[in-house]
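The letters A, B, C, D, E and F name the chains in turn, as written, and every chain counts its residues from 1.
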Amino acid sequence: PDKIKEKKPKLGVVTGLAWTSVGGTTLEVQSVSMKGKGKILLTGKLGDVMKESAHVAYSYVRSVAGDLEIDEKFNETTDVHLHFPEGAVPKDGPSAGVTITTALISVLTKRKIRQDIAMTGEITITGEVLAVGGIKEKVIGAHRIGIHEVILPLDNESDVDELPKEVKKDMTIHFAKTYEDVKKIAFEK
Amino acid sequence: PDKIKEKKPKLGVVTGLAWTSVGGTTLEVQSVSMKGKGKILLTGKLGDVMKESAHVAYSYVRSVAGDLEIDEKFNETTDVHLHFPEGAVPKDGPSAGVTITTALISVLTKRKIRQDIAMTGEITITGEVLAVGGIKEKVIGAHRIGIHEVILPLDNESDVDELPKEVKKDMTIHFAKTYEDVKKIAFEK
Amino acid sequence: PDKIKEKKPKLGVVTGLAWTSVGGTTLEVQSVSMKGKGKILLTGKLGDVMKESAHVAYSYVRSVAGDLEIDEKFNETTDVHLHFPEGAVPKDGPSAGVTITTALISVLTKRKIRQDIAMTGEITITGEVLAVGGIKEKVIGAHRIGIHEVILPLDNESDVDELPKEVKKDMTIHFAKTYEDVKKIAFEK
Amino acid sequence: PDKIKEKKPKLGVVTGLAWTSVGGTTLEVQSVSMKGKGKILLTGKLGDVMKESAHVAYSYVRSVAGDLEIDEKFNETTDVHLHFPEGAVPKDGPSAGVTITTALISVLTKRKIRQDIAMTGEITITGEVLAVGGIKEKVIGAHRIGIHEVILPLDNESDVDELPKEVKKDMTIHFAKTYEDVKKIAFEK
Amino acid sequence: PDKIKEKKPKLGVVTGLAWTSVGGTTLEVQSVSMKGKGKILLTGKLGDVMKESAHVAYSYVRSVAGDLEIDEKFNETTDVHLHFPEGAVPKDGPSAGVTITTALISVLTKRKIRQDIAMTGEITITGEVLAVGGIKEKVIGAHRIGIHEVILPLDNESDVDELPKEVKKDMTIHFAKTYEDVKKIAFEK
Amino acid sequence: PDKIKEKKPKLGVVTGLAWTSVGGTTLEVQSVSMKGKGKILLTGKLGDVMKESAHVAYSYVRSVAGDLEIDEKFNETTDVHLHFPEGAVPKDGPSAGVTITTALISVLTKRKIRQDIAMTGEITITGEVLAVGGIKEKVIGAHRIGIHEVILPLDNESDVDELPKEVKKDMTIHFAKTYEDVKKIAFEK
C-alpha cells in the first residue's frame, strides 16, 4: 500500500480499507478462480473472523448466483483462492466482507473491478451491509494514497462528519445498505 | 440491533433475544439453504455450546421432516448456512435453540417468519423447549427496540413477574412447552 | 430435572442418575435415529470419557444387533444423535453407559422405555455393567424428584446400605451384572 | 479388578498386567470385531503411546494374517473396537502390546483366550516382545487377585529374582522372546 | 549452505536467500513431482506463513498453467513435494515466494533451473513480486558463498544502495516487478 | 539396544545411530509393507521433524521407484508402517533419514538389509545425504555394542578425527554423499 493505484479495471483484485494502530490504510484482496471441486482457499495470515466473513460472502454469492448469471454449480466445479498480500501481516475482522464479495463476483462472472475505488463493510448472508469501525481513519488513509472514491456502509453515514474538510471535498463517498448498492458502483461499466 | 425491525415477514431471518453484560438485546440469525450435500455451515464467532445447539435443532428438524413436508433427503441434497451478524462479536449458549429451529424450518419449507416477534429458548432433539437465563433483561431489551411480542419457554413463566409494569402491559408474551407451540406463532399466516 | 417424570413410556428418552457437587440429580438422554450413513452425533457439552462411553455402548449394541433383531447394517444406514439437555452444563464420566445403551436400543428397535425408572452404571463392549461412584447421592436425588425404581450395578450392591431408611423403603432397587439384566426391566412390556 | 477371574476361556478378553503408584494390578482389554471398513476404535482414556502400541499390534497381525489364517482383507472388511475398562481411569505406555495383540488375534480368528493367565510386554511390528517396567509389582498384584500363571518378556527374566518366595512358588512364569511364544500359551487348546 | 553452488542447471532445485539473526544465507528448496491426485506436501519445519506462501505460488502457477504449457489438470493428476533442507531448522516468512514458484514451474514443465543464481521475493496469486526484508544481509550472504547473480523485488531497488561496494561490483542484480521478470532469468536457456 | 546385533540380514529392519544426553546409542527402525491404499503409518513417539523426515524419504523413494524396480503405483496399493521401538521413548530430528530410506526400499523391493552395519544422515527429496550432529558419540556408542561398520554423511568426514584411536581402528567407516552411496553398502549382496 505505498503507491497510487493504477486506474485500469482488473479481474479479482479489490481495494479494501483497513484500520491499524498507526492509522488507516488500504488492504488489497486478490482472487483467482480455477477449474476444481468447489474449494475455497484463504491465505494472507487471516484470523478466524475474517475467514468466516469470506464464507459468509461465499454463501451470499451462492444464494444470488442465478441473478448474477453465475453457473449455479460453481461450488462443485470451481475452486476459488482469495489472497491478502502481504502474507506476513496478520489480518482479521469482518470489515472486508464487501471487498471479498466483490472479488468473488468478479472472478465468477469475469467482470472487471474498478481500481480507482476502495470499500469497507461487513456483509451478511442475505446481502446486508453492516457498519464497521475506523471509518474516519480508513478514509483519511485512502485519501493519503490517492484514492478519491469510496463505498461505506449506510449505517456509518454519521461517521463521515468527523472527516477533515480537505479530505471530504476531495472524496466521492457512496453509502451502501445492501450489496446491490455496492455492485452498481464497483464494477467496470 | 439498533433500530426497530421492519415488519414484513422474511425467509430465514429470525430475531432472537440475547443477554450481555450490559443488558438484553436482540440477536438475529440469518439463514440460506442451497443445493448441496447436506453440509451445515455456522458462522458469527459462535462458541461450542451454540454450535451444538444448532446441531440439536437440525436433528429435531430431521426427525420431524415428514410432518413438516420437507423432503426427507434434505440432509443429503441441501446445504444450510446459519450466520449470526455481527461477525466479530462472540456468541455462545443454548438459548438460541428455538430461534435456529425456526430459521431452519423457514429455509427448508420456504415459509416466511414474522419480523415483529422475538424469541428465546433451549431446544432438545425431541422438540422440548427448556428454560433459559436472563429473561427479564432480554424482554426489557426487546421492548427498548420496539418489539411488542415475544415467545418464551413455559419453564420461564415465573420470570415474567419480575418485568417492569410498563414493559409488561406493552408486550404480548407467548409461552412454549414444545417447539409445536413456537411454530404456531412464529410463521406468517 | 425439576419435576416428577411423566409416566408414559417414550422412544429414545432415558433417565440417568448423575452426581454433582451439590448432590445427586437425574440426567436425561434423548436420542433420535434417522436414515443416514452410520454417523453418531453426541451433544450436550460432553467430556471425552462420556463420549468414549457412548462409543463403547454403540459397539456393544453392534455386537449384539442380531440378538436384538436390529438390522446389522444399521451402522451404515442409520444416523443416531444422542443429546443430553441442558446444553450449557458440562457432563462427563462413564456412568451414563447403561443409560446410553438403553437409548440406542430403543431408537434402533423402536421399543419404548419406561419413564418411571432411572439408572446408572458403566458399560463395557462385552455388555458388563461396572460399578460407579456416588450411588448414595444419586438414589437420594432420584427419590427427591419422585423416582421410585432404579437400576444399579451389582458391584455397587454394598453402597445401598448407606441409604437413609425412608429412601430405601420407598425405592425398588434392581441390580445389574450385565446389560441383559437392565434390558429385562427398562423397556415397556 | 477386585475378584478372582472366572476360568472359562473367552473371545476377545485378555488380562494384562499394569503398574500404578499404589502397586501392581490387572488391566483387562475387551475387544469385539464387526463387519465394517477396517476402522480401529480405541477407548478407555488411552494415552498416545498406548494408542500407537495398538497400531503396532495391528500391523504385526496384518503382516502375519496369512499364517494365522485370517482373511487378509480384514483391514478393509472388519472394524475392531478395543476397550479398556474402567473408562475414567487414564492408561498409557507400551506394556499392553502383547495383551492387545492377543485380543486382536482372538476376535479375528475366533479362538478363545485363557482367563486364568495374565501377560505384559511391549510388541514391535516384527513381533518381538520387549522388556517393560514394574515386573515385580505386576506379578505380586496378579498373585494377590488369584492369578497363578503369567507371560513376561524374556528380556525381563532377571526381574523375577526380586519376587517374594511365596509369590514365586505359587506362580507359573512363561518368558516370551517373540509373539510366537505368547501365542502357544495364551489361547484355549 | 556452506559451499559454492555447482553450476549445472537442475530440475526442481532453487537457491533462495534467507535472513537469520547471524546474517544472510542461502535457503535451498528441492521439489519433485509424482503421479498422484494433486496433493502438495511441504516439509522442512515450515511456519504457517511460509506454507501459505507455497499455496499462493501454487495457485499462481495453476492460473497461468495454460501459458506455461502445463497440463491444466496437474492439480488432479500430479503430487508435488517441496522440501527445505535442513529439516531441523525452523523456517518461515513469505520471502521464498518466487523461489517456490520457480521450483513448481521447473518440476511441472521439466525445465531446469540455473544453479548459479539466487532469488528472494514475496509472490501474490496474480504474479506480483512484493518487497521483502533483509535485502542487504541476504545479498552479502549470497556473495560470501560465491553467488554472483541475484533476483530481487523491484520494490527493494533502493535497498541495494546499502550494499558494500566490493559486493555490488561483483554481483549482477536483476529486479522483478512480476514473476514474468523472474522467469526470463531463472531457467536454463 | 543392549546386546550385539544378530548378523543375519533382515527385511525392513535397519540399525540407525542416535545421540542422547547420556551418549550415543543405536536406534532401530522396523518396517512392514502391506496391501493397502498408500498410507504411511509412523509410530514410536516421533516428533514432527522426524515424521517429516519419513515423508521426505518416502518422496525420494517414489521419485526413484522406476530405477529401483518398485511398482510405481505402490503409493496407491501398498501401506507402509515404520515403527521405532521402544514405544515410550520420544524420538526426533532428521538424522534417521537414510535409515528410514533404507527400510522403505527394503520392504518395497523385498531386499534384505545387513544387520551388522549402522547408519546416520539426513536425507533430502533429491537423495542428498546431509551432515548430522553427534557423530563422535554415535560411533562410540555403536562400537560399544559391537557394531564394526557404519555409514556416515560425507559432510561429517572431519568429525571422524575426533574418534578415540581404539574405536577408529576397529571400525569400517563409509561416507555417503548421496543415497546411491548408502544403497551400495546397506543391502545383502
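Note that a residue touches a chain if its C-beta (ideal position, glycine included) is under 8 Å from a C-beta of that chain, and two chains touch if they have at least 3 such contacts.
Since the structure is predicted, the reported quantities are computational estimates derived from the model, not experimental observations.
Enquirer: Using direct touches as single steps, what is the fewest number of steps from chain C over to chain D?
Expert: 1
Enquirer: To reach chain D from chain B by way of touching chains, what is the minimum number of steps?
Expert: 2
Enquirer: Examine where the copies chain E and chain F touch and state whether the two sides share over half of their residue numbers (same) or under half (different).
Expert: Homomeric contact, different residues on each side for the most part.
Enquirer: How many Å are there between the centre of chain C and the centre of chain E, using C-alpha atoms for each centre?
Expert: A distance of 61 Å separates the two centres.
Enquirer: Averaged over CA atoms, how far is the centre of chain A from the centre of chain B? Could you give it in whole Å?
Expert: The answer is 30 Å.
Enquirer: Between chain D and chain E, what's the gap in Å when you average each chain's C-alpha atoms?
Expert: 53
Enquirer: Which chain C residues touch at least two other chains?
Expert: None at all.
Enquirer: Ring order, please: chain E first, chain F next, then the rest.
Expert: So, from chain E then chain F onward, the ring reads E, F, D, C, B, A.
Enquirer: Please name which positions on chain D make contact with chain F in the complex.
Expert: Residues 48-49, 52-53, 55-56, 59-60, 62-63, 72, 75, 93-94, 97, 122, 124-126, 128, 130.
Enquirer: What part of chain B is in contact with chain A in the complex they form?
Expert: By the definition above, chain B touches chain A via 10, 12-13, 30-32, 34-36, 41, 43-45, 81, 83, 85-88.
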